[in-house]
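Each in structure tokens, the structures are laid out below.
You will see two complexes here that share chain A, one where it goes with chain B and one where it goes with chain C.
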Partner chain A sequence: MPSGLTAQTRPPAFLPNWPARIAWIALIAYTFYAASILDVTWERFVTGIDNGMRFLARMVPPDTGASKLQLLAKGLYESIEIAIIASALGIVLSLPIGLLAARNLMPAWVTWPMRLFIALCRSFHQVIIAIVFVKAVGFGALAGILALTVASIGFIGKLFADAIEEISLKQVEAIRATGAPFMSVITYGVLPQVLTRFVGFATYQVDSNLRNSTMVGMVGAGGIGGTMFAAFQRFDYDFLLTILLAIIAVIMVSEALQNRVKKLYQ
Partner chain B sequence: MAGSVQPAAAAPGTPATLEVRGLTKEYRRGTPVLRGISLVFPDRGITAVIGPSGTGKSTLIRCINRLVEPTAGAILFHGADMARLSGRALREHRRRIGMVFQEYNLVERLTVMENVLSGRLGYLSSWQAFLRRYPPQDIAMAWELLDTVGLAQYANRRADALSGGQRQRVGIARAVMQQPDILLADEPTSSLDPKTSVEIMELLAGITDTRHIPVIVNIHNVPLAKRFASHVIGMAGGAIVYNGPPGGLTDDHLNQIYGGEDWQE
Partner chain C sequence: MTVGNGIAREWQRYTRRERLGRFALYFGIVLACVASLRTVEIIPEFLYDAPEQVADLLRRMWPVEWHYYPKGVHEVLIETLHIATLGTILAILMALPLGVLAANNLTPSTTLNYFAKFLLVSSRSVNSLVWALLFVAIFGPGALAGTMAIAFRSIGFVGKLFSEALEETQPGPVEALRSCGASWLSVFIKGYWPQVEPAFWAIALFRWDISVRESAVLGLVGAGGIGMAIDSAMNLFQWQRVALMLVVIFVVVLLAEIVVTAIRKRII
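Presenting the complex of A and B:
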């Protein structure tokens, strides 16, 4: 028997979503309004392209003078050192912090302060944290290392805690039932379940630290960033290109290494 | 309460290995799942706890090794009240109670060998366990048990590569690895096909025969219980309605336990 509804009484198959339509229209309208306030115009964009082309033209060929290369190597090497030390510190500290922040393993009075601490670490961009540390410990690599360590804890700590909250408690229960002490329950019941993901977060953070370590130098926290900033200021655009190419090369090598590491822990 | 646990010497006259007195569990206040259960478990053979789902069989077994906190009552294991133990003393008693789970509860990403050896975690420091520094006799026992359950060739496979029946065999090997004085099995066959279920019950029967470890098994399959158990405890509504040999179990008892007669053929 066909349904009792005739063609006239059936509702339309797709109902209009008026609140969503209004929201989209409002968003588009605001975007145009904001652009007009900030003097974003087509003419300025076109002039900008022209300037940009001249800037790019002055970058080639890259400057590969011996003294410049030495400067580049020193700065880049310091950046890599900052990234690796900060990643190592961040990963080691994130393990206990992430564990203590997991709400399925720890009581609320432990997870609350830990979650708050992680949230604080995530609140500010690395460059802002770097400025604070430059003021606190002075110019140089130490400020960069501290800034990127804080950022690493914010990122890995949070994702690690969330990963632990998704584990199967049945496996944990079985280990508990053997009479295992607490730390053995963690290393046998919890860690095997999250190790692959932890390695993923950690390698991603190494990559992110590598990129950010080239930037914290701009505020005086060590690494290639300082050299790059100086090149900008002195209109050494050809040397700038050398630096940029070197950074790209480092990031690509790191990407290849990460894939190797991840394969080790499947 | 120092944690020295005597081995199971079931000489006549000595108290039973396991006894519960007035055991009550309420997950929510006022709605008890276990209503003051008192029981002396036999010191040998398979004791089957039968009853419908949701009648507290699982809660009873989990209270014994305190995976679930009892609300009231005593659990006397070698004379010590499990309900009052905590910390180290609790762990040292827990390691003498093996447990087999319905869904095997193996650590999926560890190897079969690591899963079996994890039965020894109660005897090892966390540091030794982390570095996999097991005493040679533990490793020898793990190989022997893997032979017993027929999985020695899978020792270095990851647990998630095994089938259900194989996983349950590993789960049993892990529990026996504890050298327990009693073995608890919480619906060990419910996730398995009928043929594998019988094989798992045969394995448990073999363990209780050769190693003299009493086995308490939750099971809702009555024919399987009757076939393997030397003692049957029937539960309904959080209380015990039958406690005796499988031969004494009548249709009236089963109707009382499971309610109605429609389910019987």
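Presenting the complex of A and C:
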């Protein structure tokens, strides 16, 4: 080794990054500040653990009485129905909406209202949309279906529009150059490039809808959520555990099904 | 099947099994949709007067009660943001060790991997509102329950994506560090961390964005934040206040998205 390159003259391999360190310290300081604001104290945590133990003790064993199981089956079935219909509607509607919101295909006066509509669908949580629909169409499955449809449009529509904006325009131009009408440009130039991604977003949304359909019932929009909230409010904690286990089982089955579907398309 | 005598060879893109599988899938989808549509309980009368009801709702919401903001919304809004942020920070703290345990290249034990993955999956399977219900039962109503609900729901999300990022790292720098006899911590901080840091921040910001949306509704089950104010305003039919809060949530969610995009551009 030449004498000029000894360890003393070499700069340190890892220089301290002061801005990052200050940011870390600020983050830690914020954590303590927020914890104090929100009254997150050790005492409350300890009493909470105590409460939690009693809560858990009341949950086991899960209630599997025949009438309860019937209630569970009815709620779950309705949840699954809500998820299926909302997914179908959402997927079908978000296809044209996504196309209209793509800035490389449409003029600005079409994309802006569409983008705003998608942003509006996206920014509210499903439960808040469900509340509004419960007021509009009354209690029951319809409100849940509409709420999840809106949420699906917000999610698939945005990602689909973004995916279209990333396509290569060469194929689109090639098809346009042959004098093809607008619909043919879409079906042969645009869709083949984005369809796989669209299917990906759609399957993700089906999964998400299934999870959320178990919850919109809490505000009266149909499905198992209503049963669950009622069980919680009546301190029926053993039935609550049955419902939770059933929901987790349904979601796991759906994930297994999705893996099979994904394999089919690989 | 010969090409020479002029008989065209018939090409098929998929095997018979693949085609059958796809057909079964499409058939299943159609069947599920039809079955659901036929049995779902929808009261048509409710659907017919929906436009009237929506118009009525909008009329009740207008004019938005803007002057109520400093009195009853600002405080709960800040609380909501604290719940989302603190919940996400707690989740990241708990998700980091779980993510390391779930990554096969860092923890070469399949049992431990599966154990960590099971914990991550169960965290994700339970909805944040359900987590909030459980924590309200444990800690009582208030922001603590909301924070814990956000944290426990986020662990699965952050942990899963973080362990996937860890598994995609290049072994080169890690081996280089190991060959100089670096300790496990040094290998992690100087070998793995620089490779996953951009992904880590992207995950953290993405999750924070989602947490802001979710923390706005946790109050509906009593877990603090703006949701509690919405719930009480709705129970009292004060729709003008509800409208104000919806507008506030919309603005906050949009701002959160702008902030996240700006930070992402800077650090990733």
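To be clear about the criterion, the second predicted complex is superposed on the first by the 241 of 266 C-alpha atoms of A that agree within 3 Å, B and C clash if a C-alpha of one lies under 4 Å from a C-alpha of the other, contacts with A are read in each partner's own complex, and residues count from 1 in each chain.
Methods note: a contact is a pair of C-beta atoms (placed from the backbone, for glycine too) under 8 Å apart; a residue touches a chain by one contact, two chains touch by 3 or more.
Just so we're clear, the structure is a prediction, and the values are computed from it rather than from any experiment.
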item	value
Chain B versus chain C as contact partner of A:I91, first or second or both or neither	neither
First, second, both or neither for A:I128, with chain B first and chain C second	second
Chain B versus chain C as contact partner of A:Y30, first or second or both or neither	second
Chain B versus chain C as contact partner of A:G189, first or second or both or neither	first
First, second, both or neither for A:A174, with chain B first and chain C second	first
Partner chain in contact with A:L72 - chain B first, chain C second, else both or neither	neither
Which of chain B and chain C A:G52 touches, first, second, both or neither	second
Residue contacts with chain A in the superposition, chain B compared against chain C	C
Residues of chain B that touch chain A when the two form their complex	65, 67, 91-97, 99, 101, 103, 105-110, 114, 118-127, 129-130, 171, 174, 178
In the complex with chain B, residue positions of chain A that touch it	168, 170-171, 173-184, 187-189, 192-193, 195-196
Chain A-touching residues of chain C, taken from the complex the two chains share	18, 21-22, 25, 29, 32-33, 36-37, 39-43, 46-47, 50, 53-54, 57, 79, 82-83, 85-86, 89, 121-122, 125-127, 129-130, 133-134, 137-140, 142-144, 147, 190, 213-214, 216-217, 220-221, 224, 230, 234, 246, 249-250, 253-254
Residue ranges of chain A touching chain C (in the complex, touch as defined)	14, 27, 30-31, 34-35, 37-40, 44-45, 48-49, 51-52, 55, 77-78, 80-82, 84-85, 88, 119-120, 123-125, 127-128, 131-132, 135-138, 140-142, 145, 211-212, 214-215, 218-219, 222, 228-229, 232, 237, 244, 247-248, 251-252, 261, 264
